[in-house]
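Here subunit A shows up in two complexes: once beside subunit B, once beside subunit C.
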Partner chain A sequence: MSATRHLQILALLLLLGGGAALQLRNMLVPATFGEIGTYRAAALGTNAAHPLTFPSDARCLKCHEDVQEERVESLHTVVRCVHCHGFGAEHITQATAVEVDSSVTIASAQDWDHHFPTKVDLFITYDRATCLACHQATVGMPDSFLQINVAEHLEDQGAEDVEDVNVCFECHTGHSPGL
Partner chain B sequence: MDAAEFIYPNDPHVAWSIMIVLYPYITGLVAGAFVVSSLYHVFDQQVLKPVARLALVTALCFCMFATLPLLLHLHHPERAFNIMITPNATSAMAGFGFIYSFYMLLLVIEVWLVFRPDIVERVNTNHGIRRWVYLVLSLGVPRITEQSLKIDRRLIRILAVVGIPAACVLHGYVGFLFGAVKANPWWSTALMPVIFLISAVLSGIAVLLALYVFICWRHQVAPEIECLRTLVRYLWIALITAFSLEALELIHMGYEAGSEWHILRTLLTEKLAVSYVLVQVIVGSLVPLVLLSVAVIAKPSRRMTVWIACIAAVLILVQVFAMRWNVVIGGQLFSKSFRGFVEYRISWFGREGILAAAVVLMLPFIALYGANRVLPISTADDH
Partner chain C sequence: MVEPSDELKISKDRSECDGCDTQCACNATHDLSPPDTNLTTGPEISNDADRRNFLKQATTITLGALSLTVLPWSRDNDDGKNVGGGSATPIVYGFLVDTEKCIGAGKCLTACRVENDVPEGYSRTWVERYIHYKDGRVEVDRVPESGYHAAGLVDIDSELIDRSYFVPKLCNHCEDAPCNQVCPVHASFTSPEGVELIDTDSCIGCAYCVQACPYGVRFVNPNTNSADKCTWCYHRITQNEKPACVEACPVDARVFGRLDDPESELNRRLAKVPHHVLREHLGTHPKLHYIGLSGEVN
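Up next is the complex of A and B:
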């Protein structure tokens, strides 16, 4: 009997084991994995197919070019549309449908429900609460960020109706607050 | 300057628990035990023959459970194999699966070759199911010839030579992972892989020494004094090297006194006062250093050498565990703000509790006991 018979059997077992491991790996690696990077390339399509919930400004400004013109020189050019108008997913779906079928109507913006993580799809806020969400003086905010003490600010500026929810818009507009 | 209690809101938790402490501890014991077995198989240190087999099987038994703490730590352990199925070539962590598998395979083959004569002998002296078990273990070749033994011995030597860098990579890699976390000044140093490796060798020699003395005591035989003295000498050298490297790293940090030094100083002197200063430095390093120095330089009696070796080995095993604890947990106790600390609260129960950790630590010893029932690992046969 060969003196290396046990080693030949061992080598055979290792080859079989290695082959089985490779086969198993081929079965387990998902299709399209590694085509672009260390992930499944098809995942990009899967993610892109998810319903739109958080539109970029570019999506809004495609139709509302005038708003971009209004705010281009203003400090609010960095404020995203969704901050003051909601996600607008349904609104965008309707607007996209209009491109194909002109008989589709786009619903009007709804009243704001005074709640930022709101269920209201699209709203137009003429409400001091929107402004104060960012501009009310808060401990820890950098000094460079414009903050106000509401009562003092309204008194200093001589506001007509200090109780009015629209009081900010006596002097400012949302897209270009004039600061 | 005292550290103010200011922590970033995104790092209030210690994410890597005691299981991540156990992982480098166990792989360290694997690497250390293997290095001792290589001293016999590669460097022909005949004096270590009584522990050569024990070292190899100890390495295998600890290696079998090296991944267990990681799996217990993972919230989705079933995803662990993804690291090997779809590895990211630029991730050091992805290398672990391959390094570990290669090393485990190498260990299994080497152990099999070392014990083949015993397996074959048992095929021929047993009957029934036991014979079948040994026959399977012999891969259906229950014969040994002088020629095959010669080939096996050459192969064992080759595997032992290849195994040394493999063992070093297996454990050095763990240190590399910690050393590569640049956001953490307690970890981020190029010395980390070397520190981990030397302390691994230290813990490996210590566990073998303790096991050897324990097995001799169980079999009521006296340990081979020359073997014991050689192990004590290696333990002494490894301790001096490990302690010097760790001290060098700390002195370097202190002398540089970078922006992070104030938090590290507070960490070591207050938060880790017990586990670092008392356990790792005083009880785990300085006391064994004195004991081993006495054993090596003064050459005391056999009985005294055994006692010194045992006490020093146990203290060093505690020290290396404390070192892993201080690195892994200690490195997460301070916020990345460097101005505040967080707490690590460990529970008794649960997947990452003290009880689970104790069981994980016990399992390699149980495996060793089981292996000893099947094959002659203990030194009694060598006497």
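Up next is the complex of A and C:
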């Protein structure tokens, strides 16, 4: 065989090998990989596509404007609606449907069964456990935060029934607790 | 024969070499091949010249083909760090935890779990309580999701304690993230905004990253069989919402914002007080900063 023929075979082999390597690479490397960095660019979209669950106060106050008036100037302006009322994803879904079609009715808020709030629950009854989740004096809390030793506090205030779960609301309201 | 000591002299005098009879170290044009090799193919196309030409051309073709296969896509991997989602100046996010404000109410924990579908028994964020006893012991426990009161835990006698504080923990979103380095399928990566993310579709669940993370923030989600961790609520921040835990904190102990914007609340608060990052000596360069961090915390 002449030298030229050898070269032709070599060129052909390299061409075929290169083509096969390209094909293999296209098969193995996922789409959009390397477009931005050494990762699948589409993963950014997947991460961003997760649904938003935690409702901002603004979403709640869109319908419940009156509450905002109560909360203004209150120490509880920093407390989010969901802290006491639950996430109420179902409630918001229904409320959004009403905005689109006013003939839809919103199911009444479920009474809280004292289980910890889940994604869909909305509760309108709460008790002192709701208050004490933040305010019960606990080792570790900064001194600047208002801590309550319940037993002492109720005794000081001369509460009649210290075991009553709604005892806090005899003097305080949630939206504007006062002191 | 040329003595070794003469070699240098000969190569220096290369231009003066005129085809000496002895074996020469220079690369001048004279033919050094033994005379009898020219006998078979004639003096014009010697076997030797043929071989040399063949090697020259084969090398050219091989190198040319190699460069063709390597160059086009080695380039697109190099510029990953400089691209900011197509914009010229990439946004860089940061996070601040103020341990002096945290009250351990656990609101952030529920918010994170609900927002990100974190299964029970796992957490993307948690709050540690450090208790320094007067006898020198330091104990650490975790704030229950419902808060200490609802969990029915007996409170510690404050007479026995020197000081105590809460430390919320979450992903540090390191600039030099060890989790990225160990991922065998590039499923763990840093977004153009500096947020550490997981490509759940590519993740093979090998949990290498879980072991590599010095802060212990990663776990393998049993529902998706993929690595899972705090994303700073990437789906929220890309829509100009705060992360769920930041939104949920009633005492502003968690602050999220842009590190590259000097006017952001994050930078304004960082500028006022001393702040630290966790395990700075590891050189991971976290973008999660702590105010009031005690030396025991790591």
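Going forward, the second predicted complex is superposed on the first by the 123 of 179 C-alpha atoms of A that agree within 3 Å, B and C clash if a C-alpha of one lies under 4 Å from a C-alpha of the other, contacts with A are read in each partner's own complex, and residues count from 1 in each chain.
Keep this in mind: contacts are C-beta pairs under 8 Å (C-beta built on N, C-alpha and C of every residue); 3 or more make two chains touch, one makes a residue touch a chain.
All values reported here derive from a predicted model rather than from experimental measurement.
S.K.: Which partner chains sit in contact with A:Leu16 here, subunit B, subunit C, both or neither? Use first/second/both/neither.
M.R.: Neither: A:Leu16 stays clear of subunit B and subunit C.
S.K.: Quick one: is A:Pro142 in contact with subunit B, with subunit C, with both, or with neither? Answer first, second, both or neither.
M.R.: A:Pro142: touches subunit C, not subunit B.
S.K.: Touching A:Phe33, do we find subunit B (first), subunit C (second), both, or neither?
M.R.: A:Phe33: touches subunit B and subunit C.
S.K.: If we overlay the two complexes on their shared chain A, which of subunit B and subunit C does A:Thr53 touch? Say first, second, both or neither.
M.R.: second
S.K.: Report for A:Cys134: first if it touches subunit B alone, second if subunit C alone, otherwise both or neither.
M.R.: It touches subunit C, and subunit B stays clear.
S.K.: Tell me which of subunit B and subunit C touches more residues of subunit A.
M.R.: C
S.K.: Quick check for you: in the superposed arrangement, does A:Arg5 touch first (subunit B), second (subunit C), both or neither?
M.R.: In the superposition, A:Arg5 contacts subunit B only.
S.K.: Same subunit A residues contacting subunit B and subunit C, which ones?
M.R.: 3, 6-7, 10, 14, 25, 30, 33-34, 38
S.K.: Could you list, by residue number, the parts of subunit A that touch subunit B in their complex?
M.R.: It is residues 1, 3-7, 9-10, 13-14, 25, 28-30, 33-34, 38 of subunit A that touch subunit B.
S.K.: Hey, which residues of subunit C end up touching subunit A in the complex?
M.R.: 50, 53-54, 57-58, 61-62, 65, 68-69, 73, 76-77, 80-81, 83, 85, 100-107, 110-111, 114-116, 129-131, 145-150, 155-156, 158, 161, 164-166, 186-187, 189-192, 197-202, 231, 234-236, 238-239, 241, 244, 247-248, 250-252
S.K.: Report the residues of subunit B in contact with subunit A in the complex, numbered from low to high.
M.R.: 81, 84-89, 105, 109, 112, 116, 138-141, 143, 145, 147-148, 151, 155
S.K.: In their shared complex, at which residues does subunit A touch subunit C?
M.R.: Going by the criterion above, the answer is residues 3, 6-7, 10-11, 14-15, 18, 21-22, 25, 30, 33-40, 43-44, 46-54, 56, 78-80, 82-83, 87, 116-119, 129, 132-134, 136-142, 144-145.
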